[in-house]
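What follows is a set of structures to go through.
Below, subunit A partners subunit B and then partners subunit C, in two separate complexes.
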Partner chain A sequence: GSCRVSMSMAEIRAGFTAIKANIQSRDPIRTLSILSHPHSLHKLKPSDRCCITHQLFTFYVDKVFKHCRTEDSFVNRKISSIANSFLSASRKLGQCREQNNCVCGEESTEKFKQILANYEGLNVTSAAMKSLGELDILLDWMEKSR
Partner chain B sequence: GDALLPAPQSISILSTNMKHFLTWSPVIIQGATVRYSVEFQGEYEREYANGSWIPISECSLTTATLCNVTQDISASVPYRLRVRAELGSARSPWGTTEGFFTRAMTSLTPPQLRVLADGHHLLVELADMGPSFQFHVLYWKKGQESRVQQKVTREVSSVVHLDTMEAGAEYCVKAQAHVEAINRSSSFSPTQCVRAQGDTSLWL
Partner chain C sequence: SGELYCSLPNPRNVRFESINMKNVLHWSAPEGTGDGVFYKVKYAVYGVGKWIRKPECRNINRTWCDLSSETSDYEEQYYASVKAFLNGTCSDWMETTRFNPLTDTKIDPPMVSVSSTDRSISIILTAPEKWKRSPEEESISLLQVYPGLQYNVSVLNKKTKKRWFFSISNNTLVVPWLEPGTAYCVSAQIHVTTPVLDSGFSK
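Up next is the complex of A and B:
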């Protein structure tokens, strides 16, 4: 089967674009990447795409957004908007996995392990801010692989 | 202190065409200007951020009894909103919306449109309803109701070409608004009909 999830990419993209510069300015470590090290998401096989998307959405909901609270009300509101959109989408993807339409292959499992290792290699606030700052990498990959 | 200042009452959300407003009744204190502050909470905040609430800066210490929460109700999850009164250093208890609000609960009105015949061309102009909207436009030659055609468009406030009409024939148009984010549509607008320009060639 296949897994089709409706989500408002334009709304998420608009929310992120509004705070991207602010978030990325809080990430001092420019030489490291959470999502793209050592390999880009674009290298993943199409069959693994659904699984890694679900894993990444769950990763952002469980680990990232809660450590990104700032002193800026506008930024916090946009983060909330993205977080709630991710929660809504990850729920739908979860249903796909329950119906076995979103199988996890070896590649996506390996890739997600690497992302978690990159994340846990930094202190939690830096890791969370860096991950949030890389959201456009995820959004670009999702839109290219639609 | 706080006990003197009652929480705002009659708190409700008015939502039409994906524009969401929180309203409440004023707290009346003779000779004083009471101000209000509004906060929101999405499902993410309830389940992953310790039930935290997020202030809406445009509605912090406002004297209005209305707050535009459209920018913050921006995901398809259940939200709660709350408002309290403030007078000097006194704060009232929070008044919170009854139940949850999901943007899919918004009421959708039919689009406003203007149908034009420009010579043989059937044109339509749709009023802007906001970034979330697209329009399903149905059009047909009068008398041929079984051969309805459809055009989906996001174009607003400018003329959209629907069809080239037969000389002198009458064509009818109606449209509905659709919001992909909530997968819902409005009812159809009233039907509007126009007549194509007659044939100007003369048989001699």
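Up next is the complex of A and C:
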């Protein structure tokens, strides 16, 4: 089966664009990426996209947004707005998985393991801020594979 | 080679300027330096562990460097950096912010071709192509890069100054019920819904 989840990509994208420079400037590490290396999301098979999308939304909700508080209230508001959108989308994706419309293949399981390894290779705050700064990598991949 | 003691002021405003994914690094000369400043450039793919020197932009005295070839994979993101040299001293490396070709490029207006009958206008729109290394290389339309690409079309009756706006996803539009013998001005813009990117209107 297939799994279609409605969410406002434009709203998330606009929220991220507003804080992108601020967030990315807090990440001094050029040589490591949480999401895109060593293997790009773009190389995943279509059949694995639903599962990895759900895993990534859960990852952002559980491990990223809560560790991204800043001293800037504008930035914090944008982060919580994005977090709310992710929370509702990840719930809907979860229902898909329960209805078995969103099967996890070996590739997506392997890719997600690698993302967690990249994340755990840094201290929590750096890893969370880097992950948040890479949100456009996730959004670009999602929009391309719609 | 050992690095010199770097007391030269830094290059300023180091940034990518990108149109249709022709990605050119630009910067301003260090403050207070006249002629005789030379530069070298390096770049890095974000997430990959090494900086790569750009030989064609080594010891140059211009303040730009075309990195289109090196940044042509728009599924990746990039950093670039510039260092200045003058009279045996140098500046620090000065970096861009993270560059995402997909969201940080500007898009040219579409090409507009118009044919008409006595009471209607047929408009055909062509999105610009992504930058390519050589004319022989296969062309990629920005339509392929941005699945959400749309066209906003404006049709102006030059006599009455009345204007119509249309937003279309395909690239053809027929505007019927027009006044015979009247001049109309057609202009079009590209609008990408997400990421949000808008071209200017065509002339």
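The definition used in the following text is that the second predicted complex is superposed on the first by the 146 of 146 C-alpha atoms of A that agree within 3 Å, B and C clash if a C-alpha of one lies under 4 Å from a C-alpha of the other, contacts with A are read in each partner's own complex, and residues count from 1 in each chain.
Convention: a residue touches a chain if its C-beta (ideal position, glycine included) is under 8 Å from a C-beta of that chain, and two chains touch if they have at least 3 such contacts.
Values in this document were obtained by computation on a predicted structure and should not be read as measured data.
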Review point. Which term applies to subunit B and subunit C once both are placed on subunit A by superposition, clash or fit?
Key: fit
Review point. Put subunit A at the vertex: what angle do the Cα centres of subunit B and subunit C make there, to the nearest 10 degrees?
Key: 80
Exercise for review: Pick one for A:73: touches subunit B only (first), subunit C only (second), both, or neither.
Suggested key: first
Check your understanding: Thinking of the overlay built on chain A, is A:32 touched by subunit B (first), by subunit C (second), by both, or by neither?
Key -> second
Exercise for review: Identify the partner contact of A:62: answer first if only subunit B is touched, second if only subunit C is, both if each is, neither if none is.
Suggested key: first
Point to revise | Touching partner for A:81 - first (subunit B), second (subunit C), both, neither | key: first
Review point. First (subunit B), second (subunit C), both or neither: which does A:15 touch?
Key: first
Check your understanding: Nearest CA pair across subunit B and subunit C in the overlay: distance in Å?
Key -> 5
Review point. Once the two structures are fitted together, what part of subunit A is touched by subunit B and by subunit C alike?
Key: 10
Check your understanding: What residues of subunit B sit close enough to touch subunit A in their complex?
Key -> 40, 42-45, 47-49, 54-57, 71-72, 74-77, 79, 131, 180-181, 183
Revision key, fill the gap. The subunit A residues in contact with subunit C across the complex are 9-10, 13-14, 17, 21, 24-25, 30-33, 36-37, 40, 42, 133, 136-137, 139-141, 143-144, 146
**Study point:** subunit C residues within the subunit A interface of the complex
**Key:** 44, 46-50, 75-77, 79, 97-98, 100, 102-103, 147-148, 193-196
Exercise for review: Provide the residue numbers of subunit A that touch subunit B in the complex, in ascending order.
Suggested key: 6, 8, 10-11, 15, 61-62, 65-66, 73-74, 76-77, 80-81, 83-88
